[in-house]
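Same chain, two partners: chain A is paired with chain B first, then with chain C.
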Partner chain A sequence: MIALDYSGSLSFSNLAQTRLLACKHPIYNLAMSIIEINHLSKSYRVYQKQEGVWASIRGLFRREYREVQAVRDISLQVEPGEFVAFLGPNGAGKTTTLKLLSGVINPDSGDCRVMGHVPWERENEYRRRFALVMGQKNQLWWDLPAAESFRLNQHIYAVPLDEFDRTRDELCEMLDVTHLLGQPVRELSLGERMKMELIAALLHSPEVLFLDEPTIGLDVVAQHKIQQFLKAYQEERKNTIVLTSHYMKDIQALCQRVVIIAQGSIFHDGSLDDIIDRFSGDKIVTLQIGGPDEVFQGLRKLPNVLEVEPPRIKFRIGRDDVARTLSDILSTYAVEDIVVEDPPIEEVIAKVFTDAQGGQVDDESHPDIAGVS
Partner chain B sequence: MIQPSYLNVFLTFAKNSMIRDMSFRMNFILQCISSLSWAAMNYGLFLIIYQFSDSIGRQTGWGESEFFIFLGTIWIINSLIQTFFMANATEFSEMIRTGNLDFALLKPIDTQFLISFPRVNWAQLANAFLGLAVIIFYLHQLLNDPSKKMDFSIWSVFAYVFFVFCGTVVMYSVMIILASTSIWMGRNQNLHNFWFYITNFYRYPMEIYERGIGWALWGTFTFVVPILVVSNVPARVLAQPLGGHWGLWDWTLATMSVVAAAGSLWVSRCVFRVALKSYRSASS
Partner chain C sequence: MDATHWYGRATLWWTFFQISINERLVYRIDFVIGTLMRFLPTLTQVFLWWAIFDAVSSAGSADSASGPDGKIAGYTFSGMIAYYLMVIISRAFSSMPGLTTGIANQVRNGEIKKFLIQPVDMIGCLLVQRVAHKLVYYLIAALPFALVFWMCGDFFVSGWPPPDVMFVFITSLLLSFLLGFYLESCIGLIAFWFLEVTSLTFIYMLLNFLLSGHMFPLELLPTKPIDLRGFVEFMPFKYLAYFPAAVFLGKVEGAEMWRGLVMEVMWVLFFILLSRWLWSRGVKRYSGFGG
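What follows is the complex of A and B.
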């Protein structure tokens, strides 16, 4: 927060938003949540096979299984109209959570309500009101044009014809794929296919949308297009979206709220800036200094200098030291410009993941977690 | 509450499969030719056998014309199963292994319906038409044979269609039960093998098993896995090997056919539901 003292000339884009969200959180708990997860757990039994033929033959008679706890005791609430990201390393339990929410698999214990329905009871009333898009699986008929798969969904979801035509045309236009409707899906590029998958999932205007890595493997242009689309779509329809992704760009562009899941548990719940505040104790300072190059000799002695390119110097500094160090520098050198930034989000997240995987999640050492449920 | 029209969904499946089949034209034609030539060879084989004998067994009534009506019925049931269910049951096993069953579970429509019908293998329907042609030809022979006491009316046709339907339902249910077990096994490639074994036994009139060790097969395939009922009941309705009069045994078989169809469908639904509870969805 010290950094705010410098807000006049420094770059702190998202701080105001962070505060706003932090204020909102208690109110969230009072309102009716659209997604309520209480102490949800799910484990898998995985067959452990040793390498080689003999091990395989032994496996015919005696098998060893390993219990994998995919989701442990997760509690979470999502409010109508929120755009939430699940972030976590591979195998953290993000996809399993989405599968539980969409009723594809049954939990071992715990309770969950989405729009008042228990997902794994698979009531048709529930299934008509949400959609799941998986970046790594496709629901479209491979050998047929996407238009035929859309038509099938129209019948399955019993969407009235005029409404179907309107929604389809609108979505195709937004994603710029109208000219590809008649082309067999197998002849589409990955990006085009993903757009078609999204359309197929949105034709029945779901109130809740689960997106599991929707931009995986896409190039920057296609990723950007899908981000823009999701943003516009969500702003217009005000529906609730839960997204998992490994691309920080997706999350930065779309989600106000990030839930970090690691080893099946919730590690953090808040805004992206909260993550930086909580997990990164550093700031990155860039100074532009007038005067001859010799001036830099003194500055080079600072700990954690990242880059010296006169007239600029870049260094990393503990957050608590920012004010003191900068005032010292300002009194000694002819500083022309100062930029104080957070470290790159990717770097912070990587650190969070490593921490989360290294040490067990401990409620006491992370008091925020208690606030999640 | 809004309900999907199952008929519309099925018609869309049928249409989509047709579009797909037509886009691989050569494959479609070759499939038709190969299944038709299999039927032709089958037919030729029994023509040869009937050069050595007038009937299967003594006093069973399965003469040449009657038997070819039986054979035509087998072709029709086989062809219906292969057209509507074989590819789907195989696909269902595959969906379990790859995790693609996820999508079926998301849709607001009966899941068993959704996985049972998506692919219609139109090329396999060729044999049903061939079977129909053979049946009409030999039925005509029988009806014009003054030595046969045929009792044939429009009701025989309805009864025939009904019992073919019952038979198809039994075969479908057995298939779904087998395919559902893939959920526990992770992989199940027994489906085709099983189909081959079963069709080996059900393609003859049940009378051929009524001797010696054959009785064991007769008992098993009549009462335990009632596949002999599947083929014999409709064939007997049309071919009437022992004349038009229905005895106690005919009524028993006919009742069994209906009970077997309803019972096996119910069991298949139970197994399917229990299996879905164990579905764990492959990694994404």
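What follows is the complex of A and C.
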């Protein structure tokens, strides 16, 4: 078998060409991405069941289903070494996309290659090269120490013993859980368990790592620890990570690239800053003004004042109006300090989600956020 | 496949086996109690048959004071008790508590994903796990079993069977383990289609109870108006309880015994293939509805 090396940016070598032809890839990209998604769609049939035994027996013969379109025509490329976040409201299709990428489910239509493999063919060759961690699913043996689960994974992935020992010790040290290795998993805290789950998934040094809500339900300290770990790990190994999360902190700390998925479609693909530029036309201005409180009376009349706390006042203003308004104020008041900042990312994202739920999205004419708040 | 591949597989299963044993030993107390409880239903059956034999013999002859000594369907009272004791042995091999619902739950709550993501075979894992659990069970149950059989030694009037019968008996026990495992796995895998297999499991348990010889020796099944006795000969159930017991007690002998063993092998192969087929179809189907 020809082994493809994705560690650097892949040049179009003869080797790669042979492989591409061999797997009959319909699209011949010159620089092949580590993850290629082309027009992927997936819908679920959700079974509508009534309660009761008789309903169950009836259900054996006749069932009612509801169709849920989880992923609609998604296309996406991820390059080796990227750290990408899938962001979106609940039920947007993030997890479904990860399931498609890890081969747990088959798509209705479309095409996908991860490291040259079609995920849902579930070849062992592919399965040895990636890992999926689900924050809400436990993959460790509940009643046994994590060390036992690790040992099993060593054999499942056929990791050489010395390499396994080295990786395990390194990961345990990074996450500071070495002293917990001998404790039954059921007796670990949620944060400790999540760290163990991560270690279990990383023991075979996967080239591609899928993380589904890795920090869900964790306290701030544990969240931060896992963020730091992922960042350090990825910087060192340069592997490719796709993460879904609800926590903007995770994404801000880790991902250069954010893919917003809403209602099964890609809504935005770019950096976090792009999102603010694109979806928020506003700036938040905080002024500190000298002089008696009466001077605030005039400023209170500004539209969209957020809070007045003399000597400070905070208001929201359209990006285009910033310069003109500020020069007006500066000429009228004794301004001691000015801070102009972007609205909080959570707020922008929340607005993006709301827009996306509404269905109609137009790049050019976004409703004026100033008018909303 | 090369030697290192098989060595890798072997060490994987061996590790899995050890881990399964460790896991099982976590709940030893629960296990000991569960083992002892197994004898309780048999005790009630002993009293029931005592009463039946007593009633039959007092109706048939005048001197009932000498105790029950008549025959029902070819069984003396001692033979009947011996049969039930042997059925406990059969069932210790063939019963698979929690297997069906375990698989169904894994399908339903999505834990089955683990086996789709990792390069490892689920049925293989479950089999190794089950072997480990059974061995732990025998280890714990050996003493109480020995005690009960020693106390009940008098019911086995004909003593130990000859070596060839012993061979068939032990082989049929091992096969009944495989049969029970693959049969119940197949029922569990139906969860890929129905999600809810509780009612199906219930039906299976009922059939198993009646047709395997668990509830009573199959000789008691009616031949008229429907030939149930003949019908069970073509079913896999009888190998789960009746067959090994009947072989040990000399109820099935000679060519019939060997034919039964061959049939049991066929059933095991059938359910191995069926489980493979259900798995490969089920996984595709699972992909269909996600979860």
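The rule is short, and it goes like this: the second predicted complex is superposed on the first by the 314 of 373 C-alpha atoms of A that agree within 3 Å, B and C clash if a C-alpha of one lies under 4 Å from a C-alpha of the other, contacts with A are read in each partner's own complex, and residues count from 1 in each chain.
To be clear about the criterion, a residue touches a chain if its C-beta (ideal position, glycine included) is under 8 Å from a C-beta of that chain, and two chains touch if they have at least 3 such contacts.
As the structure is a computational prediction, the values presented were derived from the model and not from experiment.
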item: Side-by-side fit of chain B and chain C on chain A, or clash; value: clash
item: Chain B versus chain C as contact partner of A:56, first or second or both or neither; value: second
item: Contacts of A:212 with chain B and chain C, given as first, second, both or neither; value: first
item: Partner chain(s) touched by A:248 [first = chain B, second = chain C, both, neither]; value: neither
item: Which of chain B and chain C A:144 touches, first, second, both or neither; value: both
item: First, second, both or neither for A:181, with chain B first and chain C second; value: neither
item: Which superposed partner A:106 touches (first chain B, second chain C, both, neither); value: both
item: Which superposed partner A:155 touches (first chain B, second chain C, both, neither); value: both
item: First, second, both or neither for A:127, with chain B first and chain C second; value: both
item: Shared chain A surface residues [contacts with chain B and with chain C]; value: 44, 99, 102-106, 122, 124, 127-128, 131-132, 134, 137, 139, 141, 143-144, 148-149, 151-152, 155-158, 184
item: Complex contacts: residues of chain A adjacent to chain B; value: 44, 95, 99, 102-106, 122, 124-128, 131-132, 134-137, 139, 141, 143-144, 148-149, 151-152, 155-158, 184, 212-213
item: Partner chain A, residues of chain B touching it in the complex; value: 1-5, 8-9, 12-13, 15-16, 19-20, 23-24, 99-100, 102-103, 105-109, 111, 114, 277, 279-281, 283-284
item: Complex contacts: residues of chain A adjacent to chain C; value: 42, 44-45, 47, 53, 56-57, 59-60, 70, 96, 99, 102-106, 120, 122, 124, 127-128, 131-132, 134, 137, 139, 141, 143-144, 148-149, 151-158, 184
item: Chain C residues within the chain A interface of the complex; value: 8, 11-12, 15-16, 19, 22-23, 26-27, 110-111, 113-114, 116-120, 194-196, 198-199, 284, 286-290
